[in-house]
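Next come two complexes built around subunit A: one with subunit B, the other with subunit C.
And then the complex of A and B:
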């Protein structure tokens, strides 16, 4: 065998190995999710079957019908949880975006004393573990009397989202050249007009993705919600998921169905922002 | 009325500062105070009794606390390293792919969309000793005849939790490192190859230093919410069996809400907060250093 063909053979082997590696990695990534979806469509008997039933014989949407029909299976008020989740996530996202835009703009466009210190300080507030924060919040909110309300959760999620929103929006405003706003000001715009008519539209997609990111954080949060929410009044979906577990048994099928309901909005939204999210986080990674 | 004139950036940052002060800093100050009292939820007047550092002493001399502390550090070390390596590997694999990169990138982000609660629940389901996918698969393939008690045996449970944690967070690293790979200039790599570097040398001395800042961004983001492990553990084992998977955060939650000993729990919480902050500051500084190095070299 001459050198050329052995080299070619080696390349082909590498290609096959690469393909197999990629395939295995993607399988590991996707398998758990697909298994949940499949389990939500199967009757409980089949999930529990021993020896396992690998090829589903009986596919139906019963679990979803039970979940959204009236009081739902086992009386779990999924509709209420869904509504609470939506109200809390959307409101807190909008407020966090407004505050984050102001903050991000300040970091991107102004030089002031202790800038990196303030930035790090903002980030550190995010590093406080939810469960550690929940203790004092629980005591204070109980005293003020806003435990188990939408207001309390919205307030918490705004604070949780502001630091990260500022990080992202700061990155997006930096990508908009400073000259553009200056040119607009020379042409007679006020600073305010220059912001809304030039810089805001250019950073728009990035800001939208920061919003989606904030929405997802609130949508998925559990540690704080599980302590501050107590009843149907304000329980969110992640907390509601636990309603399917009782002392000794777990309704796996119902839980899988609720999991699918939770993941679909997250899936769609992440899909929309994926490109902007990465560019917002890494901007300035190299240029500093 | 006369207001002192505030500069523009102060004015713009004010709302953020007010919100963070009200919802995070003030409560933390309050919990700092209450960590010096024997406060119990059932005895509200106990908040006014000052007992100095007795809570901290009893926390620091508590074996259970140190066991949880050690376990948390162990879990984080293993999980973060594994996530880093797997994320790097995944990013390189996807970067090498000639076709379907968009689809691969989307698939890669799949675990990022899962809330930690869902991750915990999903792996609790997969690792279930009786009906779980893993045991079913192992048994159907004939690799084992009896059910492996993944979440019931202490060591296996910790292992299962690490798997869940790694599955859910590897994609953060992969996505950001891939962004670095895509943004990287190709000339230095080609120059290295022309100069006769082996692929390993090219990677080690050319590609890797360039990827460093991206890896540190991922590390910083991860260290901002290392406590997401709380959700996963809470769902999968709730600290059991026999406290063999108890982490700092689950211990805090249990002391505060089940035992209602808020003062003691706050003392523990403060130690865990310091741990998180240490992590974050460390990686933030690493990020700044790596950035500067790159800036000097390229």
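And then the complex of A and C:
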């Protein structure tokens, strides 16, 4: 065998190994998700079977039917939880984005006293585990009388998200060259117009991604929500999952069905916005 | 009508002054270049005129009115940035029409003016492209187009050519000159390239360390530099500058070589004075190969060995050792000269300069 063909063979083998490696990695990542979807469709007997039944024999949508069937029929008030989750996540995301944009822009563009100290302070808040705050939060909220309200959850999630959104958005504004805003001001814009006409559209994809992160954090958060929410008034979907556990049984099928329902909006949202995430809009603005 | 006047203009960052109270009058429709090495405050000065930088002291007047407190948009100026600063999310057409759109001009009028500018700059074919789809030279033209469309009183250029390659630079330079002739607006042009400054401007402002060294026409700053710095900065290759001592109608250099004291300066210095002697490469030439053949009045001849030759085709630069330094001489109609050859050089002392070593100012008075 000459050198060339042995080299070619080696490359082919490497390629195959590469694919196998990728396949295994994807399998590990996707398997739990797939298992949840499967489990939501089959009877408990199959879910609990040992050894596991890989190919489902008996598929039905009963769990979903029961879930949306209303509380009266032994179901869980999923619609209410869904509504709570949406209201809390969307509102807190919008507020976090507004604060994050203002803060990120300030950190990216202005010099002021104690800038790095303030920034570090924001980042340090991320170092505190949220659950450590749950007890003091519970006590304060109980005193103020906002336990089990949307407002309380929105407040918590805004506080949780703001440092991270500021940090992300600061980075995206830094990537927009300063010259552009200056050129816009010379072209007749006020500082405010220059921001909305030039800097905001260019940092837009970044701001959208910060928004997604904030939304997903709020949408998926469980630890704090489980302490502060009590009832249908404000319980979010992750907390609602627990309704499927009772004293002696766990309704695995129902739980998985609700998990699927939770995953779908998050996944759709990410898909819708992902094309904005990848666009390299700023290229060509200035020649470097 | 928009003359620009700077009165005692100061810029400081904290305790550090970067512009030290400069005074300057730019006449209406004048093309003026601010030139100097990096960090001399020329860009900062331009940005203060534009309103992009706060003024720490002094006054900027446009059209006779102080504009210190006016935002950039109220000064009716256009600026071409070194980076071009085109809006990447807009097409060429939108980029050029942006200022008019913000100014709420009717769409029909915007179209006419944008098309007009596009025709001037030969951009018709690229109107619907994004800046990222253009070459450097095209982006540069779009930036200029964006400036023209506004019909401003004043054009500001901040090193607009420094990102272009040498060939394109010459081409765009000519375009800028043509543009000035056409739009008849005041233009202030910042550059570190003395060739750009010389070729484009009516008057040149040479700056160093936040001070103005000299203001004058290209000819003035070349022929009669006010300071040693200007003498060394303007002209390529730079002027030969060397310390000398005045002694009995002669200039004595280190190493004992000497030249007669130029006639113009005889009354200005006394024996024993230390001076900086300056003579351009054009005014040192192998006898018979100079610019001034025949006309020069104060020529001194001296035989010197040539250490290096740099042939450029139409001329050759000769490096000679004089006063323990390397001096450059420019030979026109060159003949082949070998390294080490003894050549008879003419020193045209009517073109010589003397500067004070302490202040750096010319002794011409």
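Keep this in mind: the second predicted complex is superposed on the first by the 259 of 288 C-alpha atoms of A that agree within 3 Å, B and C clash if a C-alpha of one lies under 4 Å from a C-alpha of the other, contacts with A are read in each partner's own complex, and residues count from 1 in each chain.
The criterion applied here is as follows: contacts are C-beta pairs under 8 Å (C-beta built on N, C-alpha and C of every residue); 3 or more make two chains touch, one makes a residue touch a chain.
The model shown is predicted, which means the values in this text are computed figures rather than measured ones.
Asker: Is A:259 in contact with subunit B, with subunit C, with both, or with neither (first, second, both, neither)?
Answerer: first
Asker: In the overlay, answer first, second, both or neither for which of subunit B and subunit C A:190 touches.
Answerer: Only subunit C; A:190 stays clear of subunit B.
Asker: Could you let me know whether more residues of subunit A are touched by subunit B or by subunit C?
Answerer: When the residues of subunit A touched by each partner are counted, B comes out ahead.
Asker: Classify the contacts of A:220 with the two partner chains as first (subunit B alone), second (subunit C alone), both, or neither.
Answerer: first
Asker: Does subunit B (first) or subunit C (second) touch A:182, or do both, or does neither?
Answerer: Touch status of A:182: second partner only.
Asker: Can A:233 be said to touch subunit B (first), subunit C (second), both, or neither?
Answerer: Neither subunit B nor subunit C is touched by A:233.
Asker: Would you check which partner chain A:198 touches, where first means subunit B only, second means subunit C only, and both and neither mean what they say?
Answerer: In the superposition, A:198 touches subunit C alone.
Asker: Give me the intersection of subunit A's contacts with subunit B and its contacts with subunit C, in residue numbers.
Answerer: In subunit A, positions 281-282, 284-288 sit in both the subunit B and subunit C interfaces.
Asker: Help me check something: in the complex, which residues belonging to subunit B touch subunit A?
Answerer: Listed in rising order, the residues of subunit B that touch subunit A are 7-10, 12-13, 15-16, 19-20, 22-25, 27-28, 30-31, 34, 89-90, 93-94, 96-97, 104-118, 121-123, 125-126, 130-131, 133, 136, 139-140, 167, 171, 175-176, 179-180, 183, 210, 213-214, 217, 220-221, 223-227, 230-231, 234-235, 249-250, 252-253, 256-257, 262, 265-266, 269-270, 272-273, 276-277, 279-281, 284, 291-292, 294-295, 298.
Asker: Going by the contact rule set out above, which residues of subunit C touch subunit A in the complex?
Answerer: Those residues of subunit C that touch subunit A are 50-52, 71-73, 77-79, 81, 83-89, 98-99, 102-103, 130-134, 136, 139, 146, 150, 163.
Asker: Going by the contact rule set out above, which residues of subunit A touch subunit C in the complex?
Answerer: Listed in rising order, the residues are 177, 179-180, 182-191, 193, 197-198, 201-202, 281-288.
Asker: Per the contact definition, I'd like the list of subunit A residues that touch subunit B in the complex.
Answerer: These residues of subunit A touch subunit B: 18, 21-22, 25-26, 28-33, 35-36, 39, 47-48, 50-52, 54, 98-100, 102-103, 105-106, 110, 112, 118, 120, 122-137, 139-140, 155-156, 158-159, 162-164, 166, 216, 219-223, 226-227, 238, 241-242, 252, 255-256, 259, 262-263, 266-267, 270-271, 274, 278-279, 281-282, 284-288.
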